[in-house]
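Chains here go by letter, A, B, C and D, matching the order in which they are written, and residues are numbered from 1 within each.
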Amino acid sequence: MTQSDTRDTKPSQDVALIVGGGPGISASCARLFAERGMPVGIAARDPDKSVLQNLEKTHGVRRYACDASEPAAVELLFQNVVRDLGAPTLVVHNIDGRMAGIFRKGITEADPSMALETLRNSAFSAFLVGQQAARLMRENTPNANGTKGTIIFTNASAALKGFPLSAAFAMACQAKSGLAQSMARELMPQGIHIVNVPIDAAIGWTQEDGTRAHRLAGTTVDDNMADPDSIAETYLQLHRQHRSTWAFEVVLRPWVEKW
Amino acid sequence: MTQSDTRDTKPSQDVALIVGGGPGISASCARLFAERGMPVGIAARDPDKSVLQNLEKTHGVRRYACDASEPAAVELLFQNVVRDLGAPTLVVHNIDGRMAGIFRKGITEADPSMALETLRNSAFSAFLVGQQAARLMRENTPNANGTKGTIIFTNASAALKGFPLSAAFAMACQAKSGLAQSMARELMPQGIHIVNVPIDAAIGWTQEDGTRAHRLAGTTVDDNMADPDSIAETYLQLHRQHRSTWAFEVVLRPWVEKW
Amino acid sequence: MTQSDTRDTKPSQDVALIVGGGPGISASCARLFAERGMPVGIAARDPDKSVLQNLEKTHGVRRYACDASEPAAVELLFQNVVRDLGAPTLVVHNIDGRMAGIFRKGITEADPSMALETLRNSAFSAFLVGQQAARLMRENTPNANGTKGTIIFTNASAALKGFPLSAAFAMACQAKSGLAQSMARELMPQGIHIVNVPIDAAIGWTQEDGTRAHRLAGTTVDDNMADPDSIAETYLQLHRQHRSTWAFEVVLRPWVEKW
Amino acid sequence: MTQSDTRDTKPSQDVALIVGGGPGISASCARLFAERGMPVGIAARDPDKSVLQNLEKTHGVRRYACDASEPAAVELLFQNVVRDLGAPTLVVHNIDGRMAGIFRKGITEADPSMALETLRNSAFSAFLVGQQAARLMRENTPNANGTKGTIIFTNASAALKGFPLSAAFAMACQAKSGLAQSMARELMPQGIHIVNVPIDAAIGWTQEDGTRAHRLAGTTVDDNMADPDSIAETYLQLHRQHRSTWAFEVVLRPWVEKW
């Protein structure tokens, strides 16, 4: 039996909350965390979409309706999660914020109200979720690895580099990085692990027929899309890192990605 | 006569607009640009403060009232500048966005509405100003250096590193960097020079008695505050760079700054 | 049974080589990799030091004498490893290169020959080890995760930031980062996973009495030194990442580290 | 008369030394610095090449033979410059280090001895030049801007990003960045301005017929090569920056460059 197995002896104490509910990273996290024995909540604007109903059926995932860009809604979400599942120890903010109406528009054509909405949906909701999570986690007892809780911000390659035709998205992603950095420097010495995870890739998902998308349309290279199950696994490993060796930022990209 | 002197032969065609009106960088820019023969406009929420009235008296600077976080107000500002001074070729966004009520507050104590306000005041206003400037500059004739216009975003050290107790400020600064990066990659190939200038320092200013603050209170080292006149000079040099050798990001810090 | 358990079905095929043989990361890696069933080789200038002899006794680790800054010696090392253990699939370059005679010396006082020696010992040896590893791994069959092999460069915080009084060390660390980046962009699309791991911390080790150092002398905070067992665990996780989601750089630091 | 003109009142006190002698940046710097009244020395392995002989004729530039990767040779160079021109206040290290025999070779094919030679020629020579310059500049009297001297390291885009097929070059460039960072943190508080200038571009030069190359072969876009005269101008501006607002790193790239 290895060190990592013995150290984290009470995984059942863990409670996970995933904010943002799609068929990719959120669903993979929900499944993996539930399989490892955690009560899992998932919050989305529309908690009734089929992917979430399926997660409830197959993995007992609890569904919550929440507009994560509204302060009161986020506060209520965390109250409900504490009531239903217990205080969370692993919170994933998984809202991308890309909006069809503005993404891939030139700066001179972009609708300002959509730019502000992008900032609200992605970066400001991350602030709200991070704030509520931190308030609760401060009161947690450290686990065997010295961790009171882990807050993971899923991010995108625009966090590393602002691309043309996506100014608002670059703003939101880099704002999220700024939030994560500030929270990390403030909260890591208090035992709360903060992680920023820019995914430099298109992300695969489970398709209607149950198979996994793993290849971009029109390409012949396998695995040039990031497998969300593998991302979920990295998230779990990050949560289980010992506090003497915490990673703050991990960029994940497929083997053939250009960067 | 040197290359740089001969190249930029028509400085009188230049028109400058400074958004944000304080006694530091904005005032120094206004003075320097006016001394070099540019018509200069300066926009502020309160255009009647004495520093701006003085700039009007001493340097003929035109004052504009503008809440730069409002799309319609920014659109109107640029219309008025074009009418009064001509299409701008040098635009400086100089709004810091730090709010006393939230800066230096822990993430768990920070007022969410102030966090959103910080994003609006600093990052979103930069989007609006950048957008209007880009729309006009696209139509400019390139000057002798191949430049249709220069847009400079004054930024802070939080753009480089999110510090504790200032999550909202870090979000705003890094959002501004993301904006600048995206705009640079989009607009530089169209002849518009985009620059992000994180000032990693406290900034000096002209004090009531006319002398310059240059030293932090309680220290004995001269020039440990950034001299805004020197910053303005760097801005002018950036505007005059030939398009074959544009700098996108310049971090300015005093010789004794820790980093 | 989870995805990660099923995917990596033949861990016994793995062969590990660790270059650099100290009581910290190298010893922890050797133990962990051996416990997971890998044949393990470890190379050091002096392979007879007691820590390595103990690893041979307790974990069957094979010891090799090698001056890793000598091209012919590194070539011979890999030939011997292939002969004894098989072609390596996991190679860790773990030579720090700090030299007492130059580290913490001002640039004007530093002995140039020691600066060059620092570059040779750390960065150039990483080039040699990376080159030999890549030559062999290219010929490996991909494992269940699509990986032909993993090359991990242990690095230091100077890779991220050149500190005063350690110019030569900063040069070596950043050279190592440059090597890792170039190799990653070249070899990842060929199925070889390259990772750069700056450890932003003092590193603990097993003391004479068998206990682990975990706290800096003179401090009261637990776990303010990086636990090498935890580092080894992260290395193993990196080796097992699926190629659709590879991390290239992971910075590890203790929860209370300033950065 | 503007601030910058009045501040730096004694340009004749300046003494410039350029290490590395090609027809691009080195020649442009030599011309510009001489035109501004500085005694200028230029050091190269072969000081008799025609571009340097011409600089002597047209601008009175002093030529020095020096293998800058040899400690004794660099020490002697500075002694000779002090004897001939006075203690330097502006030193440019302008050795690229790319070697035809290894550049664009895959890591598995690259000749190790050439990799080491690349490190020596570029990074180690920068260490030697920086060290000698710092020793002398420490003793200088600060000029009107508070500067005892400026040391500029010309660098390449590989300093920012290690590209495939150029591992040794990436090592050398990033080592140079590490050197510059360490020296900056150590020497800037002593009044010596250190600057790292990655040029993210192909660099134009004066062709046989006296015209400037400004466009990459096979392209139709003007000014897609960096103009070395403009680079020289930026170097001079950096040297003249007031110490309250020093830039440490400036990346220069043409308007149409992809990054």
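Annotations for the structure displayed:
Here, a contact is a pair of C-beta atoms (placed from the backbone, for glycine too) under 8 Å apart; a residue touches a chain by one contact, two chains touch by 3 or more.
Here the structure is a predicted model, which is why all the values come from computation and not from measurement.
Shared contact partners of subunit C and subunit D are absent.
At the interface between subunit A and subunit B, two copies of one sequence, more than half of the residue numbers in use are shared by both copies.
The chain with its Cα centre farthest from the Cα centre of subunit C is B.
Annotation: 30 Å between the Cα-based centres of subunit A and subunit C. Note: centroid distance subunit A to subunit B, computed from Cα atoms, is 35 Å.
Distance between chain centres (mean CA atoms), subunit A to subunit D: 45 Å. Shared interface positions of subunit B, i.e. residues touching 2 or more other chains, are given as 185.
Chain contacts here close into one cycle, and each chain has exactly two touching partners.
Inter-chain contacts occur between A-B, A-C, B-D, C-D.
Those residues of subunit D that touch subunit C in the shared complex are 71, 106-108, 110, 112-113, 115-116, 119-120, 123-124, 127-128, 130-131, 134-135, 138, 158-159, 161-187.
Contact residues on subunit B toward subunit D in their complex (touch as defined above): 2-4, 32, 35-36, 146, 185, 188-189, 191, 193, 199, 201, 204, 214, 222-227, 229-231, 233-234, 237, 241-256, 259.
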